[in-house]
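In the two complexes below, chain A is the common chain; its partner is chain B in one and chain C in the other.
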Partner chain A sequence: MPTPSFDAIIIGGGVNGLACAGRLAQAGQKVLVLDAADTPGGGALTAEFAPGYRVDGLAHLVTHLDARMLAALKPEGHGLEWAVGSMATTALSSDGGHLTLNGAYGENVQGLDEDEAQRWAALRGRLLRHTEILRPLREITPPLPGKGGGKGNLLALGRAGLNLRRLGREDMQEFLRMILINVHDVVQEDLTDDRLRGLLAFDATLGTFLGPRSPNSLFLLWHRLSGDAGRIRWPRGGMGALASALAEAVRAAGAELRCAARVDRVLSDGDRATGVRLESGEEIAARCVISTANPRTTFLDLLGARQVETGLVRRLNNIRMRGTAAKLHLALKGAPDFRGADLRHRLVIAPSSDTVENAFNHIKYGEFSPAPVMEITCPTAHDSGFAPDGHHVLSIVAQYAPYSLRGGWEAGRDALQAAILKQLEAHAPGIGELVTAVELLTPADIAARHGLVGGSWHQGDLAVEQMLFMRPAVGIARYATPMPGLWLAGAGSHPGGGISGTAGWNAANEILGAA
Partner chain B sequence: MNDLRHHFRTPLMRSPFHPRVEAANVLNAWAPWAGVTTALNFGDVAMEHSSIRNSASLYDISPMIKYAIEGPGAAAYLDRLTLRRASALPVGAVQYTSWCNDAGHVLDDGTLFRLGEDRFRLCCQERHLPWLQDSAIGFDVSIRDETEAIAGLSLQGPTSFSVLSAAGGADLASLKPFRLAEMHLGPAGPVMVSRTGFTGDLGYEIWTTPDRALDLWDHLMAAGTPHRLRPVGTEALNIARIEAGFIIANMDFICAEQVLRPDRARQPDEIGLGWMVDLDKGAFNGRNAIRAAREGGMLHWALVGLDIEGNVPAEGAELYLDGKKAVGQVTAAVWSPTTKRNLALAQIRRPWHRDAGDRLRAEIYALRELQYHKLMLRARIARRPFFNPPRRRATPPGMF
Partner chain C sequence: MKDTAAPSTPRSSNCIWDAVIVGAGHNGLVTANYLARSGLDVLVVEKNDWIGGAAVSRELYPGFTYSNCSYVCSLFRPEIMRDLDLPAHGLQVLPYEGGAVFQRDGGYLATYRDHEANRREIARHSPRDAENYDRYARDLMRHCRFIRPLLMRTPPDPASFKPRDLSEMAYLARQFLALGADEAADMVRFWTMSISDYLDEYFENDTLKAYMTVAAITGTALGPMSPGTAYVLLHHYMGDVDGNIGAWGYARGGMGAVSQALAASFRGAGGTLRENAPVARILVRSGRAEGVVLEDGEEILARRVISNMDVKRTFLNCMDPTDLPEAFLGRVRSFKSRGSSGKLNIALDGAPEFPALPDGSPCLRGDLHFTDSVERAERAYDDWKAGRWSADPFQDTMIPSMIDPTMAPPGKHFMSCFVQYCPPKLRNGADGERDWTDNDRDAFGKAVIDQIEDYAPGFKQRILHVEVRTPRELEAEVGLTDGNIFQGELTFDQLLFNRPVPGYAQYRGPVPDLWMCGSSTHPGGGVMGAPGRNAAAEILRSMRGGVGNRAEMRDAYPVL
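On to the complex of A and B.
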């Protein structure tokens, strides 16, 4: 290997890779980002799926974007604009009696009677207070049990502790009760409106292998709210525009970005990582290699199982990565009518908590749900450039669909598409007539396209037992790995996935010794 | 009886040699070994041990756990699994080796036979299939438990070469220690012979298939009787192995996978196997941790041989420094008829494995007519092996 000309090579230019690159470059490191795709952004992309129709190719809403990253990299200076700074959510009802949550996670709600509105205000307040306990933990390297970690980490732990103390006795007891409880029980206890119950059940389980009745599903609602306190945003030009603004900001910070450059090997001299080899055969040396690819892929395929000790191989193979979400992209020759719902809202079809649970049941047996629950966005309601005039596109995340379908996706994909369309037809009669093009991405397609192993949203299921010092696995949870010079910085690491950059930023802090 | 639902009727399996072992086991002294019933002695431990050192002995090693490790990636796999450089082992040679988990704690020790370029056999005390298979991810290799497919006899002692020659073993004279050869032993048919053993003496291990096991036993006994060959049990073997300074998993150290108390796991350096560790061969299980422990001075224990005054075996004795400070335990002990010394193996806290001088005492409770006598006997660290005769290595071996 020649003398390294880079301090750091980052595998993957998704939001985590960009965040990590930006932080390191701003700290004066010489950084190279390598991405297999033709454009940076990873899961944040906007692409044409039918002639003249564009859509967010995977992620389609922003709920977790790291505030430290935004403040430091200032992507607004490189073209980032928010088309929607706070998107409302409409819980659709097939009889047109919709429920609309405005502001940050339903600050006010249209469609509830007064009593239920009060119950909701109480529950929402409690959820947000409890989220504040966890939020400081997002931005630190997971502490090992019994050990403190760096100074910044201690401060964050202190903040979390303080927020816990501030709760007061009753609220604290309630917090402890909530940790392992399931979201279904909570909405049954605290609410009466099925639409609202269904929405919370849906949001808690979105992107996870959990149903509302699965233990600790409430924890994941906290996780969702811990991003932006429930605020939902959407960038002008779509997720791809967010990605390019971030990429420009990272370039401006001094990092180099290369796309269409797939890494097929992390090189090591046996004692430390020394660089990477590209699919083309080109070798590039660096003082450290940072991977935002899936942790299992990173060790077993890129570094190679031979370089990994057996105990870690076992733990890597035991990380549960089970995608449950499919994506459907629809090109429509006219505006769909969800019985009067505002197309600028996030539209959710999850009429009750039981509907979500029923939809979940199937995936346990390798089947997709015949009545899937889903989240719909309509970019054309906000922005031009996504479809010809008067035409529309919908971006739909539908649950639950397994990574490996019993009988195979070849045979099953048409049926899944039909199931989603049937559900849509029930809520937007006539929508079928409007459809001019369809793109369905099963979890298997998503895995193949984006390297999300198993189609897993978070590169490793998000669940209490795969969090903090157990994420992605014991021994590699603090971004450093047993191979000196090799670091993890992707969604598989703490605090998990989403269009956020937090894992990448945390990893960079750890690498800089600034944590 | 082949109905697996009836396992409770025969909780222990029988060795392929069982009919002969049973006939000779006059005191019905049985003990389980790896799920197989085996003989502790054949009536006279002293004579059995004497045959190991003065004539020849036959010991059934069939229960030993055996793994077939085969495939183009076998050598590379074993390099990463074990502490030593298995790829450097020539075809037809045997290596004493050991392997560790990620924390550098010893999982087991054993012998590795290289049967072909891509074919190995690993023999050991405990079962490890899941570990071996998980370690195989990323290598072109297959691993199979072949314990029950192979029967083995250990033929040990000064006249073992004579016995095996009389049994028809050809080309035996040139077979060096830690080498193996295929040969044909008359009515016992084709066998594999390795010049290996657990006695520290001249000796061989003979490997066959279970269906020919009894033929092998009968043939060897017939050929060996003029050379004073006799079957021996585990008790006699245990005396010999202590004299030779050999350790046994779960007796002299606890296998890391079975450890309950976290401070009981041991690194190779802590049980006298540090010499095996090849830090220069590339990645292998435990490498980081072993290196870190060495560099960070984090090794706490050592395994030593002890020479103890008197003739009361120090089994299970606690070791004291200056009669006060507990610094270790005896893991195996025997009054050695061969060396006429009171020997022991012990784990001892560092640095007393080096610096104890004359300060160690073994605390022995000797039962004398229903009363314990507490003895504090002077113990001196002694080099292993305690007994290491030149005949063990002589090639060609002597015709005793």
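On to the complex of A and C.
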């Protein structure tokens, strides 16, 4: 093994890998980022799926981009522009009576009667206040119970506790009551409008293996809102443009990026990680190796189970990674008409909380939902570069579809596509006639394409029992691992995925000892 | 202050009791006992002509005693049994031997009280699972050890700055931090996970997992795949019979024996019990609870009123809303107490025969199950969500007369079938709901009996009498709102300091001198007695020097 020429090698050039690289490079470290794909970005990618039609290949909206990363790396200086700085959401109704939430998660709402609008304002206020308690926790290394977790982190934890106290008696009690409640009961209790109830139920459970009636589901809505307080953004040129701007910023900070370089081994001398071996056989030495790959993959495949203590192997195998969402990309020869809905909005089909729950029922048994709920964006409504003139593309995240379908995806994928299209047709009559090309990504396809085990976008389900010091597992939750020199920095670590870069940034802080 | 009249003498309305307790359920009787033993003059009023609430034995068919509602005993705190000397008043708990899960393919999985026997049986189905069974039992015991002492402590109010609350919070934090990171993680995961996910971390055999989910869904409006159900498992697991943690038994003479022993002990301590005395309203005058008004108009005055009824019934049915704070009322209204279970009590002409079991199998003396996969249990829950009773129900079936000869005439048997899921209201059309009818109830009963018949051919011919109980009957007879057997669902938003509602978890009602002691309060349902004991402790505490001889109240026994 040659003398290390890098301070750090980062496995994976997704947003977390880039964030980590940028932070380390700015701190003066010599950093190499290795990505298996041809372009960096991981789940933030924009690609052609049919001749002339492009779409965001996986994630299609920005809800939690890390503010520290943006401030330090300034991707705006490298071409990042926001096509939409605050995207509205329209909850579609099959009778055309849509509901639109404007501003940060419905600051103002169109389509509600006055009483319901007041109830919504009260609930929204409460949700955002409670979310504020969690926000400072995103940016810390999760403290371990029983041991000090670094002064800065304890301070952040203390601050969260203080904020909780500051809420006042009633609100604090509500926080503690609602922390593990299910979203269904909350919306049934506090709201009367089914469209709004359905939307909240959908947002809470999007990307999780939970239905709205599952306890703990409200927490995931808090988690979602704790990023950007409900603001949704979309970059000009799509998610791929965000990734390339970040990559440029990281290069400018001095890091080196190599694409089409798949790591197949983390090398160690038995005592510490010493570098990586690429699929090509090339070995690269470094003082530390930082993996943004799935934590299970990192330890059991890249490092090798023999180098991992049995208890940790068991914990790694117990991390639940169950993708629940499929992606459908549609090329359309004309503009779809969702009964007058504004195509520039995020469109959600989830007519009631029960609809979401019923859709969820199927995935428990390895079936896909025959009436899926979904989130739709229309890139061509913001940016003409995504399709030929007059044509459109839709990017759809549909729930629920399992990673392993009973009977197999080979046999089932056409039926899933038909189910999604049927649901679309009900809300945008005639849309079927406009379709010129379709790309369906089942959770199994997503797993294969992006190395996301189980099709889990977050490299481990977002669930209360897989958060903070339990993410990805106790013992490896503070980005450091039992193998000196090997670090985790991906979505599988706190605070999870979702194109934010927070895990990568936190890890870099920990590596620099700045935490 | 103690009134010297004989306890059985009816009082005139101008006499003032030290305490009147509404409802002679087991918790009400536990509270009554501790107060009476501390020298208070206590009256318990009960609406039915029998006592015990849901811990009751009744003869509805000649010669047979039914445990109409609750049917097994384990959770009842041994500390309370000792304090109140219940064995001397006739309570005897007979441990029962294991049970069986019948598989659709004609096989079965037996369970035994003995760990090693259980392990051998599991090995017959999966050697790997038998290995992991040791680890599972050890881990569960660890969680038990942490949680059991908390049952007998009043939850602190985290939003309060009172020294007592702060010090209790600090105590809990110390307990938690002392676990260390690994165990703390295991604990939090256990509290928040679904039982299905939790079992997947140990076992592969579906029948075994189905058996182990039983305790995690019993009585809850959750399915085995719902997060939070692992905790419910613990709630049922942390009981014991004679110090055998996790063991279950029958109260000799049915569950009514628990109530009868409590009543006998209470009377022995000088307390007064009035049956057939339904309370119409709790009296509030000049800002404090002053007594109760019975349905016939009789007023009973007392220095304090203690409700054993669930919170919804107490505050929404039996009180004037203008006497209560609006925010409190709102929280009580949204308190979740949806029933999820039904019950069949069956008199049998002879023992049912299950061809799957070997002759003379001891399994018949335990709990019998017909759900051999977690998926079937979860699908049964989907039925509940959709507002219908489960077509393929999940049952916890027992034949107590196999062990307790007092339950049925010689050669005949009493069978108790606890059934999930059974919604409080039935779905009517797309969005509507409707009440149960007698026809619905009978159809529900038939679904249960048909399921048993599938595994015990000829079973139907042996039936002499069936009592079918849906949430409707539970509410009408026992007074459990929406038929919820725990007086409120056991989800975290309704546990610990959140139970029954935030800010009122210390057994005090929102009006001075009004107290709560039912299963709606911490630590919740099951025939446990802990809420009643804790309420008594708080009441006695509030009296400071006012109590002469405070009744002995043991702290929780440690789990070894």
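Note that in this section the second predicted complex is superposed on the first by the 514 of 515 C-alpha atoms of A that agree within 3 Å, B and C clash if a C-alpha of one lies under 4 Å from a C-alpha of the other, contacts with A are read in each partner's own complex, and residues count from 1 in each chain.
By our rule, a contact is a pair of C-beta atoms (placed from the backbone, for glycine too) under 8 Å apart; a residue touches a chain by one contact, two chains touch by 3 or more.
Just so we're clear, the structure is a prediction, and the values are computed from it rather than from any experiment.
Contact with neither chain B nor chain C is seen for A:Pro51 once the two complexes are overlaid on the shared chain. Of the two partner chains, chain B is the only one touched by A:Pro482; chain C is not. In the superposed pair of complexes, A:Gly340 makes contact with neither chain B nor chain C. When the shared chain is aligned, no partner comes close enough to touch A:Gly513: not chain B, not chain C. In the superposed pair of complexes, A:Gly270 makes contact with chain B only, with no contact to chain C. Once the two complexes are overlaid on the shared chain, A:Ser214 sits against chain C while remaining clear of chain B. In the superposed model, A:Thr310 lies in contact with chain B only, and not with chain C. Applying the stated touch rule to the two superposed structures, the overlap between the chain B and chain C interfaces on chain A comprises residues 314, 475. Taken together, the chain A residues at the contact with chain C in this complex read 144-147, 169-170, 172-174, 176-182, 185, 189, 210, 213-216, 314, 318, 320, 357, 361, 364-365, 463-465, 469-470, 473-475.
In the complex of the two chains, the chain A residues touching chain B come out as 270, 300, 304-314, 317, 475, 482.
Those residues of chain C that touch chain A in the shared complex are 158-159, 176-182, 184-186, 188-189, 192-194, 197, 201, 222, 225-228, 327, 334, 336, 375, 378-379, 382, 385, 491-493, 497-498, 501-503.
Within the complex formed with chain A, the chain B residues making contact are 76, 80-81, 101-103, 131, 134-135, 137-139, 282-283, 285-288.
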